[in-house]
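Here it is, the structure, as structure tokens.
Letters A, B, C, D and E name the chains as they come in the text, with residue numbers starting at 1 for each one.
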Amino acid sequence: MIDPLLLFDVILGLAIVSLAVTVLVVRDRFAMIVLVIVFGLMSALAWVRLAAPDVALAEAAIGTGLTGALLLATWRQVRTEPERWPALPRGVMVINMGLCALVLAGLVGAFLATPLGTPGLGVAVADNLADSGVEHPVTAVLLNFRAYDTLMEVVVLLVAVIAVWMIDRGVSQAPQPTLGPELGDLPRGFARLVLPAITVIGAYLLWVGTSAPGGAFQGGAVLAAVGILLLLTQRYQPQPSHRPLARGVFVLGVAGFAAVALLVAGGGRVPFEYPADHAKTLILLIEGLVTLSIAATLAALFHGREPEAISTQGGRS
Amino acid sequence: MNNASLLPLIILLIPLCAAPVLLALPERSAGLRTAINLGAALVKVLLVAWLSWKVSQGVIYDLRWTVLPGLDLNLQADPLAILFIALSAVLWLITTVYAVGYLEKGPHRARFFGFFSLCVAATVGIALAGNLFTFLLFYEMLTLATYPLVIHYGTAAALRAGRIYLIYTLGGGLVLLLGTLGLWVLAGSTDFVPGGILEGVAEDTPLAAQLLFAVLIIGLGVKAAMVPLHSWLPVAMVAPAPVSALLHAVAVVKAGAFGIIRVVYEVYGIETAQALGLTTALAVLAAITILYGSIRALGQDDIKRRLAWSTVSQVSYIALGVALASPIAAMGALAHLIHQGIMKITLFMVAGNLAEGLGIKQVSRMNGVGLIMPGSMAAFTLAALGMIGLPPLAGFVSKWYLAAGGLDAGQGWVIPLLLGSSLLNAAYFLPMLHRAWFRQPDAAPQDAPVRRPIGWMLAAPPTATAALVLVAGGLANAPFSPLEWTRFIVTLEYSAEAF
Amino acid sequence: MSIELLALVLIAAGAAFFVVGTIGLLRFPDTLCRLHALTKADGLGLGLTCLGVALLVGSVGEMLRILLIWGLVAVSSAVSGHLIAGHVLRSNAPVRGR
Amino acid sequence: MSTGLIFGLTGLGVFVVGLCGALVLVDPLRRVLALKLCSVGAGFMLVVAAWKAPPEAPDPVPHALVITGIVVMISATAVALALIRRLHTLEHEHHD
Amino acid sequence: MIEMPAIDWLTAVVFAPLAGAILAFLLPRQAHWVGVGAVVLTALMASALVLQVLTEGAVVTPLGNWGAPLGIDLRADGLSATLMAMTTGVGLLVSLGALNSYAHHRAPERMRRYFWPLWLLLLSGLNGVYLSTDLFNLYVMLEVISLAAVGLTVLSGRIEAVRAGLEYMYASILGALLFLLGVGFVYLELGRLDFAGLLAAPPSPALGAALALMVAGLALKTALFPLHVWLPQAHANATAPASALLSALVVKASLYIVLRLAQYLLPLSEVLVALIGLLGVGAILWGSIQALRAERLKLLVAWSTVAQIGLVFVAFARAGADGVAESWKAAALLMLAHAIAKAAMFLAAGRIKEEIGHDRIRELDRSPVRPTLAQLSFALAAISLVGLPPSLGFAGKWILMEGAMTSGYWHWIAVTMIATMLSVAYFSRVLTGFLRFDRQRTTVGEHQGWALADAAPLTLALCALGLGLLAAPILAFMNIGYPFGGAP
């Protein structure tokens, strides 16, 4: 008899694929964004089924929640533009689709020919977990074994916020329509009510990451949601004078992480080699700084333009 | 005795370093430019003289720099190099004087002299190249440096000529690159060594050696303007007179001819080349070019164009002499490298004077110019008679040795060929002389020559080179004459028993 | 055993409410009606599910956390329902009986 | 048939759907979503690579990699969206 | 004896530009000084690393002291040290050019403020790629590079640049994601991602798929025909120093990864190598044809990049999968040559545009200004790209053709010859334009447009030309640590 959970998996898998297709073909772009959010949540569910709760949490918070917020914010700005549907020559489209079909066939063939469950590095992680300073293996990989990758990932965020500040100069003809008044009073009250709670949750996720699913990225994402809420309800309005501080917070994670990585070196130790008895403290320190940076950065990515841009550009052209 | 001193490098660097300075100078600082030009040319002549003296004492300069594993840049001052470098040094000096006078008021002088200098540096490099790879480097550099000179006037015709020139010469350069590569793969070296480096290869894979020869000769033949790769040369006549003079006498065509000499003697070795039957093929090709060039020269009314076709024909004397595989013919060929240079440069400079001073560019308008410009036309006459081969002028000496070499090598057909060619030479030069000296200047107003006095800088150089034509012929047996120097070279290239 | 059974029943009931809510979402004619179906049914469905799950977990701490989740979702769905309704009223979306 | 297999195929399907979209679509916003689909598809493959039949614990390394991938992807998305907004603004200035 | 503090140069060359970027971002007003300072510092550290590789052979740092495959190792052998040195060296000169270019009164303050952090982050990412030995780490580094490069592309903020930047962004992300899926397949099969783990792997369908995916992604990022569509507009519309960095350095990172994959994985796939060679030929032809048709100088230069990249792929693929152990040398030399010459060329093109006010090829000869030095730099760079001796480009072509001839692959010789002829054809369009013919006579003496900014392109162009003389030691250095195994 087929395991009913497998049946569930099949249905979920089919749902995910058909959602993916629908996202790309649905006419209304708002619906498209809503569907991609649903798609992300479904994927997160699938990852729970694959015993990857950390990934599911990250996908739900960052890949779906915050990405959805970014998409909606952009959609608001460009929605006046009529959607451009494929204008490629028919022949090109057919060729491309045929190519994709071939790729799919090849990949599925290769996948089916590969046995699942290779030993992988899980054993090595388990063996060295005790020396890593944390108990949760995913956090150990992220912050210790492959800390270099994680540092570079925070660097990617930094690059993104710099690039976005550079690229996005707001709408130049008229001041940006603000969200605030439209929202009414209730959201403000709501924000006042839940903000402390969410902040606490974010901090909790960060702290719990050392021993259970959670960590800097998930915590940072939740805190970023606080930031977005503050921006939406205009409890916080970015000012040009805040820029130095903002830059400082953006780089905090990278700078702190890199500083720790380099400072522990010397005396026979290589970079990223935390002294055994301080490993947990250092990792928590790094995570704390990174969480702050991630939160600020993600919120800034949502906000888009550099605070200055609106005041100077808005008036001029 | 080998000497690793930097003298050859310094000689190369003089024009090479002068070039960027000249390019960078503002257009208006004519005085400084002339000083640099003449200064560099003079210093170079002196250093070359010093180098020649040392080489005549048996010193061989050899400088090496490894570029890729097994592939060296090599500057080598051997007697053959001296022959070419001396020609380049002396004629650079003379042409520079002429060019300064010729372009006195013209546009883009900075550019002109910069590339002119670069062009000379390239010929020095070609002369001193100790292997085919180094030769290739300067061969390509020569192409690039002459292109701006060819299109100097920027007219539609000049640009077209430039395009044709570039396609031919860069194509030739690529073929030569292929040949160099092939040589390297076949022989494991590209060095120029008296007696050649391909003996073993020729025995093992004669076909490969023959094919390679064909590739190399095609690559070099483009610049040497051998039929059927000659078409660029008559077209390139749109260049200013000093450029044409240099192109024909020293730089481009001679680079090709010099390369052929190196390939036959020092890559294949004359015996190997003969054994493979390559010399015969080359001789036939040269003979065809000699006759074809002369015949085409007959029909040209444009003076420079007629001279250009004459060059096509004359340069192949060199290839012919090399291909005859006789030491005596070889002397003729090598001497002709020099002799043709000084004769042809005289002719071109006078042609330039006619155009500058009188506005005459056609043979049909040369009536009576001898009376108007007696000095220049005297020089022209001397050089033209030399080309025909009248004793005791330079051209006679080389043709004599070629003919004697042909007999020596048992190739009797050379005698009628040379005779025929000389007759053709006479047929296209004598009418020019006749018009110049024995006809009255045209009276028709539209044809009346515009007279502009030409300065000494235009008048003196052809006179000087004409004097050289006389000296090189008359004193052919004096030490350090071109002919005597070729004897020195030939003793190196031919093994002792060949004499 | 009985606790587990109870939890199962609660979760099943919660799921049933979700199904009903979803049917409403699909079948009702205009936005306000759909909102009505969704908020009510989902609020209850989630509450029942949370209750069921809370019975299954061992510790009190975990239970409190689940309760917190329920509370947050309840508050936020109320606020978002309010926002959607406000938006519908301000815009010219078709509403029955308007 | 196993959970890993099912979701591996799901991931490949999602990736190729995204790839197809990236190659065929022209609307800027939708192309961003196509890439988002690709990234989720690739994430699936890594999570499946980590997956072990239930009693065994999964390999944490690919999980960490996917988390990194998710953060990287939101960064890229944010930049792409900023470009889209900027382009929209510029095009409107153009038309006026 | 004084004991030297054991500075880990491998980490240093990645972290120094990172620190510089942070500082430059925090101090926008001093960004240019911070930026140049950081690049100089990085160049010094890079020299130290090169020296270390030269004296000690390949250098490895196991970050966190875990060691691969659990941790990530940084490793510098001859090949990676060469490319790293190339990146910092070219980067240093482009920085000096940029210092001048963005200090220009016409350049908005905004450009100055953002150029430096983005460029330093890019430098950090590039060095990171060259020193990485882990597939996933390469993916992250590629993303650092992508985002920074897109930022640099749209630095001018003009609509063409933004449009091109968006296309670049799509291509770049898609390329990275193809790579990431390939990484997934590798983990699926091997359960590890370090290079050493790949080396021992027997062929399998999953690795075949992984290789195909990764190469496809990298080909997209490096603009191999027919995946090049994004490149010309992106490189042609960026500001000059940005174009120089993008064309000279950024595409090299993905090319380098292809080389590395070749080292470890390519023996798996003969068909793929043949395909790469074929596409290389397509790139040469199509890129050259477009360069012949281009009307603007920078567009021509950008199309020439497409063609030149094709040549690198040809050099790489010319001897089949097993021949890569030899043919990588030609590919690496050509990469080096292209990086240096193309940086010179874009900077020179930028200077020419700055001086004469436009970059329409047809009208290059009609300006009263004569930017001699910039034109000279352009010409010298063109000589190297065409591959005339003694340039570095020539050395690369020589090895390519020599190898092809030795093994009797005459068709590759023909391809190289055709590539050379075509490059002569399209560059001569520009060079002829530099020789002015008085179509517009000016009564006042012509103005020579020189500036200190010419120093950077000129130096680069001279390097491109002169380094050919050092090809032998460069080759020997690249082989330190035997990147492709076997005897030297």
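One rule holds in what follows: a residue touches a chain if its C-beta (ideal position, glycine included) is under 8 Å from a C-beta of that chain, and two chains touch if they have at least 3 such contacts.
As the structure is a prediction and not an experimental result, all values here were calculated from the model.
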Touching both chain C and chain E (chains) = A
Ask   = When you take the mean of every protein CA atom shown, which chain's own CA mean is nearest to it?
value = E
Key: Chain whose Cα centroid lies at the greatest distance from that of chain B   = C
Ask   = Where are there more C-beta contacts: A-E or A-D?
value = A-D
Ask   = Distance from the CA centroid of chain D to that of chain E, rounded to the nearest Å?
value = 28
Length of the line joining the C-alpha centres of chain B and chain C, rounded to whole Å = 97
Request  = Return the distance between the CA-based centres of chain A and chain B, expressed in whole Å.
outcome  = 73
Message = Quick check on chain A: which residues sit in contact with 2+ other chains?
response = 107, 111, 116, 118, 120-121, 125, 145-146, 149, 153, 156, 159-160, 163, 167, 169
Ask   = Which of the chains are touching one another, listed as pairs?
value = A-C, A-D, A-E, B-E, D-E
Inquiry  = Taking the touch rule as given, give the residues of chain A at its contact with chain D in the complex, in rising order.
reply    = 2, 5-6, 9-10, 12-14, 16-17, 20-21, 23-24, 29, 32-33, 36, 39-40, 43, 46-47, 49-52, 54-55, 58-59, 62-63, 66-67, 70-71, 73-75, 77-78, 81, 83-88, 93, 96-97, 99-100, 103-104, 107-108, 111-112, 116-118, 120-122, 125, 137-138, 140-142, 145-146, 149-150, 153, 156-157, 159-161, 163-164, 167-173, 217, 294, 298, 301, 304, 317
Query = In the complex formed with chain A, which residues of chain C make contact?
reply = 68, 72, 75-76, 79, 82-83, 86
Key: chain E residues within the chain D interface of the complex   = 136, 139-140, 143, 146-147, 150-151, 154, 157, 159, 162-163, 165-166, 169-170, 173-174, 176-178, 180-181, 183-185, 187-188, 191
Remark   = Per the touch rule, the chain E residues reaching chain A in their complex are 5-6, 8, 11, 15, 18-19, 21-22, 25-26, 61-66, 69-72, 110, 114, 117-118, 121, 124-125, 128, 134, 136-137, 140-141, 143-144, 147-148, 150-151, 154-155, 157, 162, 165, 181, 185, 187-192, 204-206, 208-209, 212-213
Key: chain A - residues contacting chain E, complex   = 106-107, 109-111, 113-114, 116, 118-121, 124-125, 128, 144-149, 152-153, 155-156, 158-160, 162-163, 165-167, 169, 244, 247-248, 250-251, 254-255, 258, 262, 265-266, 269-274
